[in-house]
Every structure is written in structure tokens, then in C-alpha cells.
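Okay, so chain A shows up in both of these, paired with chain B first and chain C after.
Then we have the complex of A and B:
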């Protein structure tokens, strides 16, 4: 079970003066149960890439397979394959439309013909997932919530579909630090508990470095780096070329190293950084 | 110094007297002086955006008052005067662009005011220059990067000869490069043109750049002070669900582990210097 892209190329507005190739000859396999982050600066092709993963865009060349099924063939199999991939877009709050939070989250599962009792369960679970109190918010209009709360309702709507692969395009943009940590903690939990494959698109290195077990760096429509976070952050030059920042922790540690501290700058969490600084100070004192 | 924005006992209730009534702001008192750079931080739903929308009369107080340069925002006949003084830039750059060319987009505001065309040209030139987008005047705005779009939006406000810019999470959707562009532009406008800045953000390393940081919680102002005074209260901010700059966080944890460090570290540089001195 996996999502496979074979030689996928996509060109916007082909055969016009505005023609632009957004992704070029991409070969990629994302296996079941992975937690993948796709990073790259604006225009690097990350959003175009992920829109291929659930058949929203059809590659001009090459193919997309989900669980062994070509997404762009006709018939029931391709339809089911597309359904196994859930997508939370950028600004998902723009897709809210129902009168109440409950109805909005229930819309997807109802459309799939899920029985009402099960719909109710899923709505409750999804709201718990995004930390929205069911009693308080179920009857509120989604349009009178704060930006961050609307975002959560929108994410809950996709989570309620219980996709096998869950793609999120910049899910934390505009959320407060607590909301950001919250969504990410929940994603990690969802990944562990249900073995949902998570594919996260982001330009925030700090967020993804801690969570993902695989990072894919996009640059000019191609994959420039693909590997574990620790592996990737060693390629400072390539990251720079791709316009991606190293995590703030890494930047701080590099600065401290320049200042004369003997530390490993390839550390990804604040706690590890603190430990490393203390160890380095002790070494200094003992010699 | 001139009090540009003066908010007294401000209260705002969404859907007042209805079943789903919701008090978004209660009893806010806040003064922003001309030429200040104020950052507003707070969790989602703390009332930051609701408050900001009062600054150019997009929302009117349901209680108390909000004065812009001495004018009450609920004097309907002064609405346009207020909106000229205070320009707004929102989170999503795609929602605030109206024209098909950058220069036309920037000219849209003054054109609507009936400003003579020579004058508009001068204003557009100046605005483009102030945000460093002169080369893009003939470009289509929707093909620009996020950071560039936000700079066009800022230029649009400048062309209205605005005294004050209110930016509501202008960098939330941008990549690191775009965030830097916007922040540098804002800092520059503040320094060079003396424009008053109200900057709402969840990025604490941006809030550090302000003269004053206002912390909001549940529709009230909880605390305010210099970035240094605010961001050294690591424990308190964490309890509020907010962050502190990374260096402040690391310094805090190092102090807790018994390393002697000054209590007021908020930048990488300061931490590096302090650590060098400690061995």
C-alpha cells in the first residue's frame, strides 16, 4: 500500500505565453504509515505536487498510483483510491459553508453515505481531535469563530472522513503557538494510533523537523533532498539554494558554535539543545 | 506625543441581544502614540483581530469608545477621514488585491478619493519606492510571491497617505523569505517615514522588533511593556499558550538547570555573548 508518482510532470497553462512547468519528472513513493513533510519556498511546486496525490491534478506526463490503482483510469477502483486520500487545503476555512459547526463537519461523511449514528461518532471524535469542545461549539455558526477556530473546524471536516492518507497544506499558518503545538501533537497521535499516513506541506522547518520521519525538499519543481530530518539538515548549502531555512534551533546552535562553544549543531529540539549546551559548558570548565 | 489611537473602556459584542451573543472584547484601555511600533500578541480568539478592526472603523464599539486622532470612530460622517489615517493589511494577500497591474492596484484608493492624476502618479511612485517594488509596477499582482503581494497591499495603504498601518498577521501565510521581506519593509516604514505600526503576530521573533508588546487574553489586555519586559516572563507566556523567542526559552531552561545567565536575554546574539562570558 503506497502512493507512487512515476515521472510526473505538470505544466500550468500549457501552450500559452504563461506556460509554467510546476513539477518536472517527479518519482516518489510514500509508503503506508509514513509521516512525511514536504518543504520548499513559495513556487517550488509543493502544492502542485500534493494536488496530484489525490487526483485533483492530472499529470501531463507520467502517472499517479494509490494502493496500486492508477488514479486517472475510469471506474470504481479509481474512485475508491481517491477517497482514501484526504486533503486539507491552505485556508481550509474558506471551504466552510454550513450553518453550524456540527453540520459542516458531518457533511463529508454524510455524503459518503455513512449511517447517522456513525456520523455523530465521527463528528465528536473529529472535534475532540482539533480541541473544540463539542457542547460549546456544535451549534455555533462556523463564520463567527476566530480564524484559528475556523481552521480547526475545517480540519475536523477532513479528519471525519477518516482517510488512509491525510495531506495537510500549511495547516498551522495563522494558528497561535499553542494551537500550532496542539494540531501537531494531535497529528502525531493520529499517526501513531491509527497508522494514518500523514503528508504535511510546510515552509516552517521548526514545525516539521520535530515530527516528520522523512523530509522532502522541493526546489524548482524537483525533489532536491529526500531523507530523515537529521540527514537533511546537514546539507546546509542545498537547503539555502532551495530557499529553506534551517530550524531556529539549528541556527542558534551554529551561532553558539561560532562563539566558541563546542556543540553538535545538528540538534532539532530545544530540550536537546539545552542539554548539549550544558554538556559543552561542563567540558569547558573541566579543562 | 500625539495620541493617535485612544481606546477607552472598549467593549465589543458579536450578535448583541441574540441567542449566540458573544463578548469578544471587554473593557479595553489602550493608547497608541504617533510614531510608535506596537506588537499585539495573544492566542486565537483572544480578540486581537476584533480590536484591530476598531482602529479603522470596520467595527464600531458596542460600549466605550475608540478615537483615532481625536475622532470617535462611530461618527459616521468622519468614516473616510478615519480610514485614510489608518490603513489595514490582512493575513491573506489574495483577498486584498483588486486590480490587474501592481500600479493600478496601488492607485485604486486615491482614485476613489478623486485625487488628481498627477498627484496619484506621485503617490504611487513614492509608495512603490517605500516598499521596494518599483521594478514590479507593470506586473500582474496575482503572479507575485506572497511577500511581494503583501508589500503591494502595504503600498496601497501608503498611497492613501496613511499615518498608521494596522497589520493583522501579515506574514502568517508566507515562507521565511517573504516573512523577512515584509518585516523589513514594516521596520523601514516605521523608521524612515515615522509611520505608526500596529502589528499582530504569532511569531514572537517578529514581536521582538516592536517598541511595545501588548498581550491579549479572552478579550482583555493582560499585560504590556517592552519586548524585553514581556518575553523574559517565559513561564507566564507559556501558561498563556504563547511562545517566547527561542533564545529566551533556551536561556530560561539553562538558568533552571543552574547555569548563571542574565535574566533579560531575548536574542541569539545576547545568549551567545552571555555564554561566552560564563566560561
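Then we have the complex of A and C:
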């Protein structure tokens, strides 16, 4: 069970002077249960890439397969395969339209033909997931909420679809640090509890480095690096070329190393960094 | 895809036609349109056709794009041809059921369809070779004399600029919302008419909200930069008549006078 992209190429406005190739000859396999982060500079093709994963865009060349089914064949199988991939777009709060929060979250499951009792359960669970009190918010209009709350309602609307794969395109863009941490903690929880495959698009290395177990770095429509975070951060030159930074902690440690501290610089979280610095200082004292 | 529609249909380039002063281009278009309606002989029509063809080649806009511009008005042309073929009185050459086709009808139909095609091609040639912003700029300049009669020239031009500016943005927005709702299982393309109209609600509500939000943001941004309408406003790029324009004016004058002479001598 996996999502597979074979030689996928996509060009916007083909055959006009505005033609622009967004992704070139991409080969990619994302397995079940992975937590993948796709990072890249603005315009590197990451948003275009993820829109292929649930069949919203059809590659000009190549194919997309989800759980062994070609997404662009006709029939029920392809429809079911598309439904197993949920997608949260950039600024998802702009897609809200219903009169109440409850109805908006229920929109997706109802479209899938889920029976009403099950819809109710799913809405409750999804609202719990995004930290919105069911009793307080269910009958509110989504347009009376604050930006952060609207974002959470929109994410709940996709989570309620209970997709096997969940794609999030910059879910934290424009949120305060608190809201951002909240969303990311919830994602890690969802990943652990339900084994949902999570594909996260971001341009911020600090956010994704500590969560994802696989990083894909996009550069000019192609995959420039693909591997575990620790491996990726060894390729500083390639990262620079792609226009993404190593996490600030990693950057700090490598500068300490240059300054003469005997230290392991391939570290991704603040906690680990603290431990490593203390250990190295102790070693220095003892000798 | 919605974004494949190129409304405003500007075709970027640096040809002679692109470099002409937009004010003059609008005037040429008006003159040519008048000419198209005045002349009525095969000789003069073929001259205008050649002139149009010559301008297209000079503008370096691909022929395919020019032909595509006729497409949206295709039905109007067909309709006009049919009406003229069947309703013009004259010498009958064929009969279909109770309708008769006359020789004069065929001539009239051919004439009218050429007129229509020329009108469309020439006007789209203007939008192909002039960016929307310069076009509205030129319109404002041309309308300025009418300010005396209370015509808000600057405001009209500003409204047009804003509308043109937001067409692609709103199309993009529509596409984005459509995709987002499709990803939540919405269906925009199947089912009965009632179902489809209902299906538009998840698209239209967010679209209107975002359009109003954008309008509001834009208004605030304009106010924050002290926008107060057209009074005493100067421009960074001032429209200027250049040597290319003088040459074009000369060619245009010769051509129009030529047409007029032919018309007078009844050729």
C-alpha cells in the first residue's frame, strides 16, 4: 500500500507563451505509515507535486498510483483511491461555507455517503482532534471565529474524512507560534494513534525537521534530496542550492564545532543539543 | 483548466505593433471599424483584409491565437449568415423546404460575415498587442476631454484597471476552492441541474467572501497610500508619440485615403 509517482511531469498553461513546467520527471514512492515532509523554496514545485497525489492535477506525462490503482483511469476503483487521500490546502479557512461549524465539518463525510450517526461521531472526533469544544462551537457560524479557529475547523473538515493519507500544504502559515505548535503536536499524535500517513509541505526546516521521519527537498521542479533528516542535513551545499536552511539548532552546533568544541553537529532538537553541549563541556573539563 | 483562459488576452511581445502608442491604436481601430462599415465593394474589402493580415504578421502574434479569438463569437457569425442567406429578397437560386436562397442573399451573407470577422480580429489585435494597464491608461487619456461634461474619466479607467487586474486572481481563487471542495468529495460536474446548482454553493460562498475581503483590503491599501482620485496625479510612464507612430500614422492615412478614393470612384 503506497502512493507512487512514475516519471510525472506537469506544465502549467502548456502551448502558450505563459508555459511553465512546475515538476519534471518525478519518481517517488510514499509508503503507508510514513511521516514525510516536502520542503523547498517558493516556486520549487512542492504544491504542484502534492496536488498530484490525490488526482487534483493530472500529470502531462507519467502516472500516479495510489494503493496500486492508477488515479486517472475511469471507474469506481480510481474514485475510491482518490478518497483515501485527504488534502488540506494552503489557507484552508478560505474554503469554509456552511452556516454552522458542525455542518461544515460534516460536509465531507456526507459527500462520501457516510450514515448520519457515523457523521456525528466523526465530527465530534475531528473537533476534539483540533481542540474545539463541541458543545460551544458546533452551532457557531464559522465566519464569526478567529483566523486560527477557522483554520482548525477547516482542518477538522478534512480529518473527518478519515483519509489513509493526509496531505497538509503549509498548515501553519500565518498562525502564531502557539497555534503552530498546537497543530504540529496534534499531527504527531494523529500519526502515532491512527497510523495515518502524513505528508507535510513546508518551507520552514525548523518546523519539519523534528517531526518527519523522511524529508524530500524540492529544487526547480525536481527532487534534489530524499532521506531521513539526519542524512539530509549532511548535504549542506545542496540544501543551500535549493534555498532551504538547516534547522537553527543544527546550524548553531556546526558553528560551535568550527569554533573548536568537540560536538556531534547532526542534531535536530533543542533538547538533544543541550545534552550534547553539556557532554562535550564535561569531556573538556575532565581532560 | 480555468487558468488556461487568457482574458484580457495580452500577448507579450516587442513588435512594431506592440510599440505603437496605445492612444493611437485605439483611434486606428475606430477609424478602421468605420471604414469597414462604409465600404461595400469586393475590391475595397479585400484591401482591408490584406491590411489586417499585414498587421497580424507585423505584430508577430501566432495566427492560431488570432483564429481562436473568433471562436467565442462563432455562433453569432453562423446566425447572421443564415438570416442573410434566407431573408434577402432577390433572384432565387435554390429552395430548401419553404425557404429560398437568393443570389443577393449569399452575397450579403458573405459580406456580413467578413465584416464581423474583421471587427473581431482587429479588436482582438488591439488587446493582443496592448497590455491591459496601458490600454486603460490610453482610454483615460482619450476620455479626458469629456470630463467637461461630467464624465469621471479617471475613475472609469481605475475601475477597469482593477477589474482586469482581478480577473486572473479570481479565476485562480475559483480553481483553488473547487479543488479544495473536490478533495472533500464535492461534485461539480454530474447529477441533475438542481443538484448541480446546489453543488455550486460550496464554491460561490467562499468565492464571494474572498472577493469582498480582497476589495476591502485593496480599498484600505489605496487609502493608506493617500489615493484621492485623479486630481493632480502624475504618471511614471508618460505616453509619448514616437517616430514609429508617425510612420504608422502616414501608412494609415495613405490607406484610408486610398479606400476613400476607391469608394468615391465606385470600385
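In this text, the second predicted complex is superposed on the first by the 285 of 287 C-alpha atoms of A that agree within 3 Å, B and C clash if a C-alpha of one lies under 4 Å from a C-alpha of the other, contacts with A are read in each partner's own complex, and residues count from 1 in each chain.
As a working rule, a contact is a pair of C-beta atoms (placed from the backbone, for glycine too) under 8 Å apart; a residue touches a chain by one contact, two chains touch by 3 or more.
On a predicted model such as this, the values are computed, not experimentally measured, just so you know.
**Q** If chain A is used to align the two complexes, do chain B and chain C fit next to each other or clash?
**A** clash
**Q** So, A:161: does it touch chain B (first), chain C (second), both, or neither?
**A** In the superposition, A:161 contacts chain C only.
**Q** Between chain B and chain C, whom does A:115 touch in the aligned arrangement: first, second, both, or neither?
**A** So A:115 meets neither chain B nor chain C here.
**Q** In the overlaid three-chain picture, which partner chain does A:41 touch, first (chain B) or second (chain C), both, or neither?
**A** first
**Q** Touch test for A:255: chain B only (first), chain C only (second), both, or neither?
**A** It touches chain B, and chain C stays clear.
**Q** With both structures fitted on chain A, tell me whether chain B or chain C touches more of chain A's residues.
**A** Higher number of touched chain A residues: B.
**Q** Based on the superposed arrangement, let me know which partner A:170 touches: chain B (first), chain C (second), both, or neither?
**A** A:170: touches chain B, not chain C.
**Q** Scan A:143 for contacts with chain B and chain C and give back first, second, both or neither.
**A** In the superposition, A:143 touches chain C alone.
**Q** In the overlay, one of 41-49, 131-139, 185-193 or 221-229 from chain C clashes with chain B and the rest don't. Which one?
**A** For chain C, the listed stretch overlapping chain B after superposition is 221-229.
**Q** What part of chain A is in contact with chain C in the complex they form?
**A** Chain A reaches chain C through residues 12-13, 16-18, 51, 54, 56, 83, 86-87, 89, 92, 94-97, 107-108, 111-112, 143, 157-158, 161.
**Q** Chain B touches which residues of chain A in the complex?
**A** Contact set of chain A toward chain B: 41-43, 90-91, 140-141, 144-149, 170, 173-180, 203, 243-245, 248-249, 251-252, 255-256, 258-261, 270-271, 273-274, 277-278, 281, 284-285.
**Q** Residues of chain C touching chain A in their complex?
**A** 1, 3-4, 6, 11-12, 173, 176-177, 179-187, 201-202, 205-206, 209-210
**Q** So in the complex, which bits of chain B are touching chain A?
**A** 14-15, 20, 22, 42-46, 49, 91-92, 145-147, 169, 172-178, 202, 204-205, 241-243, 246-247, 249-250, 253-254, 257, 259, 268-269, 271-273, 275-276, 278-279
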